[in-house]
């Protein structure tokens, strides 16, 4: 289409309602994250390690988040995660009335993203286990979509794991976005968030795959339930499914509050006549 | 040469015609991408995994794209891919009259880049398979240059794979270049595009090597046809060769249109008197 | 809480004393570094290499440092390392009176970070060695927290290793922060420091794990001593424990001084009437 | 020392002569590159692959270059490579009279850097081969310091390899530094150069280790000759030693000239009254 048509299209279809725009943006962002991120897990699992391993999954999933935030960050904030949206509401950065729409869009995006992974690797899935879609055992493929606990993991330890990893995620995201701290240059926040995901998956990924995101986990799990893996995706791991849904919501709020209490609340306001510790200022500009 | 001679050289040889400049730029960029990118595949294959593996190929090819865009981005836009150029035409960002020249330059660059890989690793190729250049089997080396489908892959699934991966590529490239979204700082777009290539090859690389680029695939394939691998490079994989030529062109346009429809068309114009949702603006500057 | 409550909270709890703020910041930063960094070592060790290896540990620990500096950099400088704080004092960038508080906060943060790793992976630790926490042997896990020398390493070579690696660390940190050199853009210093940690752990990590930080090493070692590994954590490796405490303090000062003497001291002051080597200036802006 | 002493030190020792400053800078930068870069090779070799492999060597050496350019870039341009300095002279960006000093400083830095690697890993070297320092065979360690050709490599192919890889290095460095192309933001050039080294070592590293730098290769080789490996370091590989000295000098000039001829010479001068292809300008700002 020409630029001229483009403009008339814009007149016809451009959305005036910002909440609809934001919902589209969260849907598309979460879709990209899951299609590419779960795609990385799929490539490592379905190739039985030949075309991927811990590094491609960790770096790949992290860059999927980075790209997803680039796609959706300027319109909806690029949350792509109900735990992030909830923490934003709790700290007064997102209107509570928007929360249900954000979360719905995120779940839909994750569901459709999981479907895309299944579609793209349909032949590979069929080959991998002779057409059987299994949740446990050596030919299991359900873990490509949702997370499952390691055999040794207790529910209590698993819940604590998801609380803490999501707390660290939100704490660090708040630091990255805090323009009064060591602020990341505008436009590079998605890359800093990607580096954060790399370290989180390399350090806290062994217990249960480090979901840290109810939409990322439950959306694809629902897809597997209807696509042929069956209800075992909910009962497996001692009914594990609710842990990566509930614990991240709690952990995200905890992490955000921790950052506010330890760091953000103490930033001095830029008021005239304020007492300045000149020496300290000097150090900071000089030191890191 | 001295600065003075440099200036007189400039007077003599400097091209006034911007299309010729741009063709040179696309040629050089695509040459760099293929010489370095296919070089990474070559190193992993020819060393039988000793000097490379999935990570060196994924990260290496991605950084080859990054460097190629640095080399050609400021002059011709750094498309180095007919699917990108076509999507730019369709969305009114490149004149249709320039398209054939861009594509021709990209194919030539890719062909010459493949020749460079063959030349640099000539001894290694001869050693690897006792002088025989094979398309299939344990000593195959044709996959260093062009992509071939995995044994399990059907044509339909393979075509969908190339449509979708190129759609995601273009969707994300449009996001990265959209200055009204979470825009990448000027001069860092090539690095963001490199990170995008990392996740695409880690997530969608298993079916058929994730070409996403007709020049990247057909140029080197033509080289292998004439350099000794023979016409089997076209017949292999159930005449696979046309899929990574046709599907990326279609996918690229689809991805670009998706971005325009989901995100770009809804950006509010910076017009005076426009209704502003102040709350939303506030969130965005605070949130990601 | 709403923005309004947030503001009243701020009035009640906001710290006026910058040293207390800085101590909180160093505590939180060091906690993050150890929780995530030692978490990476834990994941690689406890999964017996299945979920991690040299690359995930090197890149993961480096990104843990990056995130920790983002969390604490804007408030306290993001030292998270007594060797850095001491070098800053010696070169006049931190008041000596602040040094004890910085170091205490760093040790506490590292101790609590180690406890977090133990808590999150409690089930995994119990599984790994049937509930026994061992310092040496094939089921050793103490090296997840603190560093131990390779069997071949002499005390003299080990001491030199820690002096040199910390010297290079500080030399490079001073270069990265020197705005008169090839200065890293404001807000990206934590990423440059992360890249520095990647190369240090890939190149100087084999002798004894490249601690380069008394708090990073002694804090978690103390934790292991009380958490069940016992006093062997101090006697192992020929009483190794004091080397990564003392040598980094010495090496850090040496490295900082080397940078000052080789580079910083020679920067020309921006005084009017100063003799300018115009040609040199030209080169520098053109060359790198 | 206090800031006050610092100032008086500066008065006493600050160098007025810019060439001496630049020599110190090139020495220190090349020292850092070799100490850390060859350290990465050492860690991979001496641990027999346990603590390193192709990825740690490629990424580690690349980041060693990045850090070295941060250390020396603002003072001397951060060449740390005679092939770079020569190309800068040939294209009029460095005075020819400075060339010998730059090269001398680079060789000394590389020699001392090699000595540092040997010192830090002295115990490990002794352990690895029972005290014997070997150039060839399964316990060879000379390749930690200098490059040696793969068994299959002919001199002609090896020479072409070094010409081409250094040509691509300089071509890309010129693109990265060209502010009229897709220019890297000021202060991030060292990171872009690091990414370039990653792809060069992943793609062109298999033939002979991708030295691309006479100082990086001959300096450490001289060190090994005197440190106990003996004169075999020069005779090995059919007297290979001179190839990574001569070929990079030639390749670097070729690559720089190629960039100038294909891209730089055609940049339009910012002169008033110049004919502007408005459409082209528009595309470029929109496209990459």
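A, B, C and D label the chains in the order they appear, each numbered from 1.
Basically, a contact is a pair of C-beta atoms (placed from the backbone, for glycine too) under 8 Å apart; a residue touches a chain by one contact, two chains touch by 3 or more.
Please read these numbers as outputs of a predicted model, since none were measured by experiment.
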Could you run down the chains that neighbour subunit A and subunit B together? none
Same or different contact residues where subunit C meets its copy subunit A, judged by the half mark: different
Could you pull out the chain whose C-alpha mean position is farthest off from that of subunit C? B
Can you work out the whole-Å distance between the CA centroids of subunit A and subunit C? 27
Between subunit A and subunit D, what distance separates the C-alpha centroids? Give it in angstrom. 39
Would you give the residues of subunit D that are in contact with at least 2 other chains, written as numbers and ranges? 55, 59, 185, 188
Considering every pair of chains, which are in touch? A-B, A-C, B-D, C-D
For subunit C, which residues are in contact with subunit A within the complex? 1-3, 6, 9-10, 13-15, 18, 21-22, 24-25, 27-28, 32, 35-40, 42-43, 46-47, 50-53, 55-57, 59-61, 63-64, 66-67, 69-75, 77-79, 88, 93-95, 116, 119-124, 126-127, 173, 177, 185-191, 193-194
Spell out the part of subunit A that touches subunit C in their complex, as residue ranges. 54-55, 58-59, 90-92, 150, 152-154, 157, 160-161, 164-165, 168, 171-172, 175-176, 178, 180-185, 188, 192, 195-196, 198-200, 202-207, 258-263, 265-266, 277, 279-280, 283-284, 286-288
